[in-house]
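Common to both upcoming complexes is chain A, partnered first by chain B, then by chain C.
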Partner chain A sequence: MPREAEPSLNEKQFVLQALKDNLRQDGRDLDAYRPLDLTFGDEYGHADVKLGKTRVLAKASAEVTVPYTDRPLDGIFTIAAELSPMTSPSFEVGRPTEIEVLLSRLLEKTVRRSGALDTESLCLVAGQKCWSVRVDVHVLSHDGNLIDAACFAVVAALRHFRKPDTSMEAGVLTVYTPAEREPVPLGWLHSPFCVTFSFFGDEGEISVLDATWLEEQVRVGSCTISLNRHGEICQIAKLGGTPVEAVALIQCTQLALTAVRSFTEYLDQKLTEDAKRRDKGGLLAELSAENDR
Partner chain B sequence: MAAAASPIVLPGDAIDPSLIPTSNKKRPLRLGPGLRHVPPDTLQSTVAGELITDPKKNTMYIEYNSRRYIASPNDLVIGQIHHSSADLYYVTLNPHAPQALLPHLSFESATKKTRPQLDRGQAVYARVAMANKHMDPELECVSQQTGKSEGLGPLSGGTVFAVSLGLARRLMLPRPREDGGVAVLDLLAEEEGLVFETAVGRNGRVWVGSESVRTVVVVGRALAEVDERGAGFGEEAQRKLVRKLVRETKA
Partner chain C sequence: MTVAAPEANLGILPKSDGSATFKYGGYTVTASVNGPIEAARRDEHPYKAHVDVIVRPAAGAGGTRERHLESLLESSLSQIILVKDFPRCLIQIVLQVESVPANDYVNTKLVQAGINLPIIPALVQTAVLALLSACVPMATTAAAAVIAVVPAGGSTKAVVDPSQRELETAVSSHAFVFTAHGQLLLAESQGDFTMAEWEDAHATANKICCEAAKKDGMEMILDDEKQAGPDLQAFLRSTLEAKVTEDLQWR
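The block that comes next holds the complex of A and B.
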């Protein structure tokens, strides 16, 4: 398996030296994100997120299946995150690296376990039929901070997604095509986002938001905080690395909250723009009986 | 860059015979990178790029931009020590490619007893001494003729930036500002008074060293921006960029 290329000694020392002077290679502030860009595809539930040079694509899809026997009233919701060799030659198919395991685990904890998606609303017939919603995360380019970008992509894809409308009449379940009935959005409860801090220095005294890949290779520890815009923390993951002062961590959560609020605002704005783009002619066009010629 | 008239070719294109320089009958036609001779009389391009012909030297080659470096003799490169064996350093020229070999004795005044001690990951400026197909390239940090280092050797301090091979080539021209269209380094030094040294490796690495960390950051950002904008990024625009970067990056 090819190993990840390590930065040179000069680069490592320089990154640290610059951070001690409050400077970053791309001129950002220590607590600033790279420019975030979100585009929705033509289909529902297709979100393409660019964070600097990191690019993640998430696609949500739904199909009707049988619910798990121990949870007859719940639908199924899965997130599949996979890193392919397209991302970096050091990733191989079928051999999950540590980054990949952590990524899918954190997405799972942030979006699924925090109850962002109302799985009970996915149930169609108790114990027999339910929706299975699946989000596929594809990392197209890796320049650091995969977790934040992937989490944003997943949430954006799910909030953009529309599942086909259904009806139950006399025990017969009907799934309508988009032509028959307008698809319906998922039952969404809150939007959690991940914010990752990287720590530098001997004691981990310098904390940095949205590290690039070079910075990630030099950092001594990291901490991922997931929360929504109300400041409700879903999870905090500080997996190994140098111990960090508790006070510093509390400051991090404060910073994370402002970051999450700006994420929420940006996503809401993009969703409205997309809805406007799709809604050509408004209600009048919908009510018109005229055909396209 | 070259005149706008130079044609663009795609891989596999046959080069039109009318494009081949004929004025200089004394020298044989020399083909540079990106061109291949298919006997008896076809010239094919192997990459996509601009076809450049030089009637004076009777040469033609294709100017193209890529990120993957293939070693060729006498190129100056910036490598990174990967590990050391009994009498060799293994040097990474670009990631995920076979390593180049740098003998311990290929340094200025190096003997069996006084050879340089380089750490893993240390950046070195070296010349490609030998590069054959199917063999690891060999590097040297000393001139075979004079026995002097001539500026080659380990690079201490500073940092290494990755740029595209096209930009590295443009920076290595004798007059990068006039011929290569890269004025940012001159502008940073002359107009903004920043003090720094650079070393450019043909493998798409630029080492920048300075007393001040801020200077190195500014130079790195300027290079990245020039690389992204490509050849059409004029001198006036570069001057504006330099001013903006110097203003933005706080001391």
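The block that comes next holds the complex of A and C.
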């Protein structure tokens, strides 16, 4: 498979010099995101996220299965992020690259390990039946900052997703089809988002938010901070690269918090819009068989 | 049941040579085409290009079913792409299924065995659009249709673009792909059927896929000649015309 072409020396110099003068190729501020766009599909749990030219599709699905023997009271929750040759011909099917491993690892840490989804609520019959919730992340085009876009897509898809309603009567488990009962949302506890900073310069003194692919190829290091709108940090990943001053990192977390607050606001607004669109006759509340938690 | 008209968007992905999204009958498929590019050593062929088709399902990892669809598409598309023009090259087509029609009466299982006939037209149509968008030289274009033979009071009738419920009750279903010249490119069938039923399904599919090509130049369509489905060749043509006009527009 052909390798991705690296930027030329001139291009690299140009990007770096511009960043030193506080300028970016697309005219953004150093701490500004590209326009974020989220579209929900016709079915539940389908989120299409566009961040500039980066486009990520997340699809949530659920099925009933047998829980793991060592965790009989928990449901199963998996995030599958596989990069296809659609992203770039240099990716091969079934041969994970470094980008792909890092992406799955960060999504896992941010969404799964932070306990965003209540896995205990996915249990149906202890040790016998549980829901297996799966999110597939499809990267359609990669123009930098894949991690933030993918994390946003995963959270949006999960919050939009509805699983079939179930009932237990005299030891018999019934899973209702959407025609019988309105599907119910997942037990969601908090919405963590990833914010990635890229560092430039000899000492990593210039920090830039939402780097494009060209900038990502030139950077000397990066740091991904995952947190929710309450400022609770789920993880910080600074994997190698040039060391960065501790004070600069603290400033980054402050910036990350404002970014996450705007993400949360945007997602909430989109979810309400979508709910309004689906609730045509205002009858959805009556159709629902869900109990208040 | 009436099905909404097909929708297509060309050149939506900035990084690939050509791309298209096609939406029809509940199916949404996005395709990207890269090519001709350097082939891996094992795929290299001394005097023709290798056509590599990758089908990725919306949910779950791809399995035998996707591999089967890939092999069907690979052999059909190799017939219409001028592969001999690009020796030792690779033409890579990635088909990402975005959504499939929902059936409110059944809870879907992630892993489904068996062949998935009704998705073939959407995949073929998207692949052809993406190939055109990538300017890959082809001998002809292709159009596809799926026909279900459903029981209707003792006898059977052919239904174009069947719904999920019709597919469940169908005694047999058939997917056909035709070239723009009306030649049969792919025929896949499933279920029990007689030769007469197959002929009938073939004729219906041929009508949808190729009628417009034959009628080219005729000034009027008679009212009693009701179209059974959308005119796919005309759709392909109008989509590309719109794209070309848009691209050629100065400012």
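Rule of thumb we're sticking to: the second predicted complex is superposed on the first by the 282 of 293 C-alpha atoms of A that agree within 3 Å, B and C clash if a C-alpha of one lies under 4 Å from a C-alpha of the other, contacts with A are read in each partner's own complex, and residues count from 1 in each chain.
The rule is simple: a contact is a pair of C-beta atoms (placed from the backbone, for glycine too) under 8 Å apart; a residue touches a chain by one contact, two chains touch by 3 or more.
The model shown is predicted, which means the values in this text are computed figures rather than measured ones.
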Considering only the touch criterion stated at the top, classify A:Asp143 as touching first (chain B), second (chain C), both, or neither.
second
I'd like to know which partner A:Asp21 touches here: chain B for first, chain C for second, both or neither.
first
Chain B versus chain C, judged by how many residues of chain A each one touches
C
Kindly classify A:Arg55 by the partners it touches after superposition: chain B alone (first), chain C alone (second), both, or neither?
second
Touching A:Pro178, do we find chain B (first), chain C (second), both, or neither?
second
So, A:Glu11: does it touch chain B (first), chain C (second), both, or neither?
first
Check whether A:Pro89 is in contact with chain B, with chain C, with both or with neither, and answer first, second, both or neither.
both
On chain A, the footprints of chain B and chain C overlap at residues 2, 89
Counting only contacts in the complex, chain A reaches chain B at residues 2, 5-15, 17-18, 21-27, 89-90
Which residues of chain C touch chain A once you look at their complex with the stated criterion?
13-16, 28, 30, 32, 34, 37-38, 40, 54, 56, 58-61, 92, 94, 96, 98-99, 102, 104-110
List of chain A residues in touch with chain C within their complex
1-2, 41-43, 46, 48, 53, 55, 57, 59-61, 63, 80, 82, 84-89, 93, 134, 136, 138, 140-143, 164, 175, 177-179
So, in the complex, the side of chain B touching chain A is made of residues 80, 92, 95-96, 119-123, 155-160, 207, 213-214, 216-217, 220-221, 224, 245, 248-250
